[in-house]
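In the two assemblies presented below, chain A is common to both, partnered first by chain B and then by chain C.
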Partner chain A sequence: MTTLLPPRPPAAPDNPAKGRPVRAGRARLNRPGLAWTLPATIFFLLFAVVPLIAVVVLSFMTWTGLGDPKFVGLENWQTLAGDSVMLKSLWLSVLFIVLGVATQTPVSILLGVWASGPQRNRAVLSAIFFLPLLLSSAAISVLWRALLDPNFGVPAQLKWLFGDGNLFGHQSTAIGVIIFVGMWQFTPFHTLIYQGAAKSVPPVLYQAAEIDGAGRARQFFSITLPQLRNSIITSVILMVVGGLTTFETVLILTNGGPGTDTTITAFYMYEEAFRRYNFGMGSAIALVLVIVATAISLIMVKASGYDKMRSTMEGL
Partner chain B sequence: MNKPSPRTPVLAAASMLAIGLTLAGCGGGDSAASDRPENELHVLVYGDASNDVETAMVEKFNETSDVKVVLDTIPGAEYQQKLQTVMSTDAAPDIFFNWGGGSISDFVDADLLMPLDDFIEEDPQLKDAFLPSVFDVATVDGTPYGVPMRGTQPVMLFHNKEVLAEAGIDEAPATWDELLEDVDKLKAAGKTPIALGGGDEWPTQMWFSYVYDRVAGPELFQSAIDGETDVWESDESKESLGMLRELVDAGAFGTNFQSVKFTDGGSPALLAGGQAGFELMGSWEYSTIQDTNPDFVANSLGWSAFPAIEGGKGDAANLVGNTNNYYSVLKDTKYPDAARDFLKLMYSDEFVQEQMSIGNLPTTTSTEQFLDQAADPDYARFQFGLVQDAPNFQLSWDQAYPPAATPTIHSAVADFFAGSIDEDGFIAAMQSLKK
Partner chain C sequence: MRTRPNYIAGAAVTVWLLIVALPLYVMVAASVQSRTEFSANGPLSVPTSLTFENFLLVFDSGFGKYFLNTFLVTAGVVGIVLLVVPPLSYAIVRSQSRGTTLIFRFFLLGLAIPVQAVIVPMFYLINSVGLYDTLLGIILPTAAFALPICTLILSGTMRDITPELYEAMSVDGASTARTFLRLVLPLSKGGLSTIAVFAALQGWNGFLLPLILTQSESTKVITLGLFNFQTQYGINVPGILAAVMLSMVPVLLVYLFARRALVQGLMGVGGK
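Take a look at the complex of A and B:
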């Protein structure tokens, strides 16, 4: 393996006075060869492209999991086009994403910026805040389902707030529970992103702002937020993609109900494929999900200028 | 990044090849036997507390057999899904647990199961040792495909004796009208009259199965499952729905039953904790509560048959539930003789006694003589009496239809109880089911 290594650039000389390593990009004349992408390419082909193409093929077939799949042409797609649940599930998916981003982003920016401070208690507390990250989605969902039991959970103690506690019996409260649990679960992760980004904001900016007489709020809105721009885009894209593929939370908390009121597209795909044993239909729904997710990601990348990857540190 | 890669055609070709291989792998049903394990007979069962007995039986069998039985378990709710995806592959079990009826009809249609006629001809006990009404549930189009194992699980109306006494109710309701009166009394006493795990949906279905059976007799559902979907629009069907609506509107299940589950212990805890008077549940209610609250089971748990409905066509002794569990055999099994010998254990005295000791109620003709050795003889005798005397034992709706129908049935019953669909919505949903 070692013989394959490209010639290493000379080690960048340390320059402690400047506090930042000298950029080594210019010295790297030989960019790594295409061979280096091979492991990633093989993985991507095996676990993304091949299954994706198989899903395309299956979406034109009918298959119950028993016997051989049969080609049925466009039948699945025609059914899907006239399927009210499919359309509803797409709207619900979008709603879940919007609500998820709207709730998680402000909280995690505030927490992340707060946690990036040098104080020791902040480090200890943020370590505790990160605990939900260590739990699996399934465990979290089971936990909250038990905590929200109408007769033995929190709602039984706080009747003034929860009424009869029928949280899973109405669309609005069922969605609320899923959004809340998603927020509890994923905020720590995004906080981590913002914490790292906020830490790398050069202190000189704040020092200059203080000299100019800017208060803490002004500093936050005029320096921190603009400096977090790329992190916000990254974090939101991750939330959107994560939101589109949310599944376990819905399965365990609401099972898509009441009725189909929380049946988001990913859950609908599971229900068609693994509960109705209609793998062709499930594949068609999966493809719709892929197309929608790709479209949303592309639009976001274009609209946010993320593809140009402009540094927020220009001029420093 | 944006330049088209020169490798694209190669990649595309490679992917197509891979897909070809994948799809070829999907349809390997014909050649399954060739790759099946040597000298092993895989038995797949539903993973739960009963597995101890099964492990013991397997060990006993392996002592004398050259072909070793390997017991595989899949826990709980995902059993049918896993089974469906594994059945036409080389990993399919030689013998597997099922509920008879619709749970195996797709496998029969796909020609995956071994008809048991030959086994029965060699050893008539494989059929004659079981109660006929139970054995017949695993018969598809006149051909037997399953041998009863574990026990029968009729659905009964359980009650909390103390709560009923507190509300001034002397005994379990014998008729529907008495049930409605009891609901009012329990409400007046500040209780949830009937605990219902509506979040799981299948407990809700039990109410439909029983009311339909009492009002219209078992014929209505049988016709429906045979493809005559008109019956859902019949007067009896509408009358049943009207009675169920009346019960829900009377507040029999409280207001938050959609958020309560049986599977996480919610609804049995309402009954055992004295917050509810009744719960309609399968016979496993007993062992479920026994696990968490043995004192309650010993002192205050009561049970009765589902109330009679005056003027209904169905016999008040009819039962609903999981008639039994069955073992079916894969057609491609390498060791049919070992499979037959293993199935013979299912009517052995030892098996029956072991099952009874953990609270299951096997349906062999010999069960009666062992009733006194059951974990709770009163409970065992009551259940056995119900099963023996029942003119008809209706398999749970979601087990009687093929598994693909389950989501539709479950949503229909849950939505009807929630009030989000009316009679016509329910009828339309049930009519959408294909056989």
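Take a look at the complex of A and C:
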């Protein structure tokens, strides 16, 4: 799982100028220099930053995987702007993200708040809820593809529920399957985020509300939810970026189909580059992905004031 | 306080329990049934006899090799991360130069780069250095993309080491290297195990990089093996489910014996 968070302001290094004075000379002896950072930095430059720069360059070139890439100016971008599949894929990506956030957030808040409570069966149930996290995206997709197989899976046994049973044959049910599998896979992760946050809500808030006669629903909406604010932002950003880069699920469950009905942008990029060998086009689509992902994260961080790290402890 | 049972939460929890547990039950039940029994009774039935033919088929179709490859990839990724991240985090936490602050910012920005974004140039790069279709070709980029989160986690742990301890080391005349080995590493065990687990999961669960950077049987990893197994034996549901179950076993073992490290490794920075 690639987790991604908005860059937080780095915590201040312990700066002797601010703290108590450190004996000069001595202290300088055991401070590591820039050399300590070099192996990791060079490695990261080579395998992450250089490719990121190369993707920009390649988006202005044409390359079929053989020979050398050739410069073609804005050709890829012009093709992309008029490409109906690309536009459809962007629309589908947005739909996937909205549906993903809308299904996963309420369930994981509810489960997270529940799991932070005092019930006796909590530990056992939480351990079961955690199990999907032990499987890779690929394994989960293969599992559900087999479970929902139209001829040998559950739909064949429960015809009254699934109709003709071919969930992968229609756009609405195919999208439904991908959203549901995403929910099955990622809800435990987001539940853990909310569980941790709900645990750290000061009990004194609930005690005060109890004295004021607030019921459980009122306590949930007036205390728990506002206190989970920062976690909701973190969790939703992770869902948005995760949704945008969903790949295995689409490839294994629907292969982008029926037709191009579940071809979201990340999958379209793979198809263009590695199935049609239009590496230039693939790079341009990849760049669109990076720009959209970064923009959404930045907008959400700014709009929510998360970058100012407003404390939920205000007024305590 | 809060003594009345919460019926809404109770109902939601029960529904979710069914959603999570039922597929896992079908997976386990199907994997020990023969294909004929499975087709006759359907996926939701209780197995009446026990067979290991599915697991044998899984291993016959090459999964032993895939497991070995995945272990090597995982070990390689963990090795690289444990080699380069601790010195970097140590410098980030202890160095006072502006350079290290910049480097830390640089790694934080690196958090925002999704692997998907760079697969085309990565394919080009790995090809041109002659690492296409090798395990090392998977290991290097996988490790690189684990660095930002691991750095963030480990420098967080290392910040908790108090300045007094560093002072004591320097009073004893310890060099930076000695301070690193004798003080910083032993006191960062929690963070080190978290980043090791995080890196291991990236190696173990990786799919996209192996998909585009390898092609032959001899370099296949489990996730790709599952994908191929499904395309090849699409109608053999018990076989597929047995393969999925086997792929889960090593992670399950880590979960049973090092639960805390696994949860923290899974969460990455999302847990903070």
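Going forward, the second predicted complex is superposed on the first by the 267 of 316 C-alpha atoms of A that agree within 3 Å, B and C clash if a C-alpha of one lies under 4 Å from a C-alpha of the other, contacts with A are read in each partner's own complex, and residues count from 1 in each chain.
Operating definition for what follows: contacts are C-beta pairs under 8 Å (C-beta built on N, C-alpha and C of every residue); 3 or more make two chains touch, one makes a residue touch a chain.
Values in this document were obtained by computation on a predicted structure and should not be read as measured data.
Of the two partner chains placed by superposition, chain B and chain C are both touched by A:A54.
Once chain A of one complex is fitted onto chain A of the other, the partner contacts of A:V240 are absent, as it touches neither chain B nor chain C. By the touch criterion stated above, A:N166 is placed in contact with chain B alone, chain C being left untouched. Note on chain A: of its two partners chain C and chain B, the one contacting more of its residues is C. Once chain A of one complex is fitted onto chain A of the other, the partner contacts of A:M269 are limited to chain C, with no touch recorded for chain B. Of the two partner chains, chain B is the only one touched by A:P258; chain C is not. Of the two partner chains placed around the shared chain by superposition, chain B is the only one that A:Y277 touches, whereas chain C remains out of contact. Once the two complexes are laid over each other on the shared chain, residue contacts for A:D149 go to chain B and to chain C alike.
In the superposition on chain A, A:D68 makes contact with chain B only, not with chain C.
Across the superposed pair, chain B and chain C both touch chain A at residues 46, 49-50, 54, 63, 65, 142, 145-146, 149, 151-152, 274. On chain C, the positions that touch chain A within their shared complex are 1-2, 4, 6, 9, 12-13, 16-17, 19-21, 23-24, 26-27, 38-39, 42-44, 80, 83-85, 87-88, 90-97, 99-101, 103-125, 140-141, 143-145, 147-149, 151, 156, 159, 163, 166-167, 169-171, 173-176, 179-180, 201-202, 204-205, 207-208, 212, 222-224, 226-227, 229-230, 234-235, 237, 240-241, 243-244, 247-248, 251-252, 255, 263, 266-271. Those residues of chain A that touch chain B in the complex are listed here as 45-46, 49-50, 53-54, 57, 63-69, 142, 145-146, 148-152, 164-169, 255, 257-260, 271, 274-278.
Listed in rising order, the residues of chain B touching chain A in the complex are 11, 14-16, 18-19, 22-23, 26-27, 29, 81, 84-85, 87-88, 106-107, 110, 112, 198-199, 201, 254-261, 264, 266, 269-270, 275, 403-404, 406-407, 411, 414-415, 418, 420-421. Those residues of chain A whose C-beta lies close enough to touch chain C in the complex are 1-5, 7-8, 10-11, 13-16, 19, 22, 26-27, 29-34, 36-37, 39-41, 43-44, 46-52, 54-55, 58, 63, 65, 107, 110-111, 113-114, 117-118, 125, 128-139, 142-147, 149, 151-154, 156-158, 184, 187-189, 192-193, 196, 206-207, 210, 216, 234-235, 238, 241, 244-245, 247-248, 251-252, 266, 269-270, 273-274, 279, 282-283, 286-287, 289-290, 293-294, 297.
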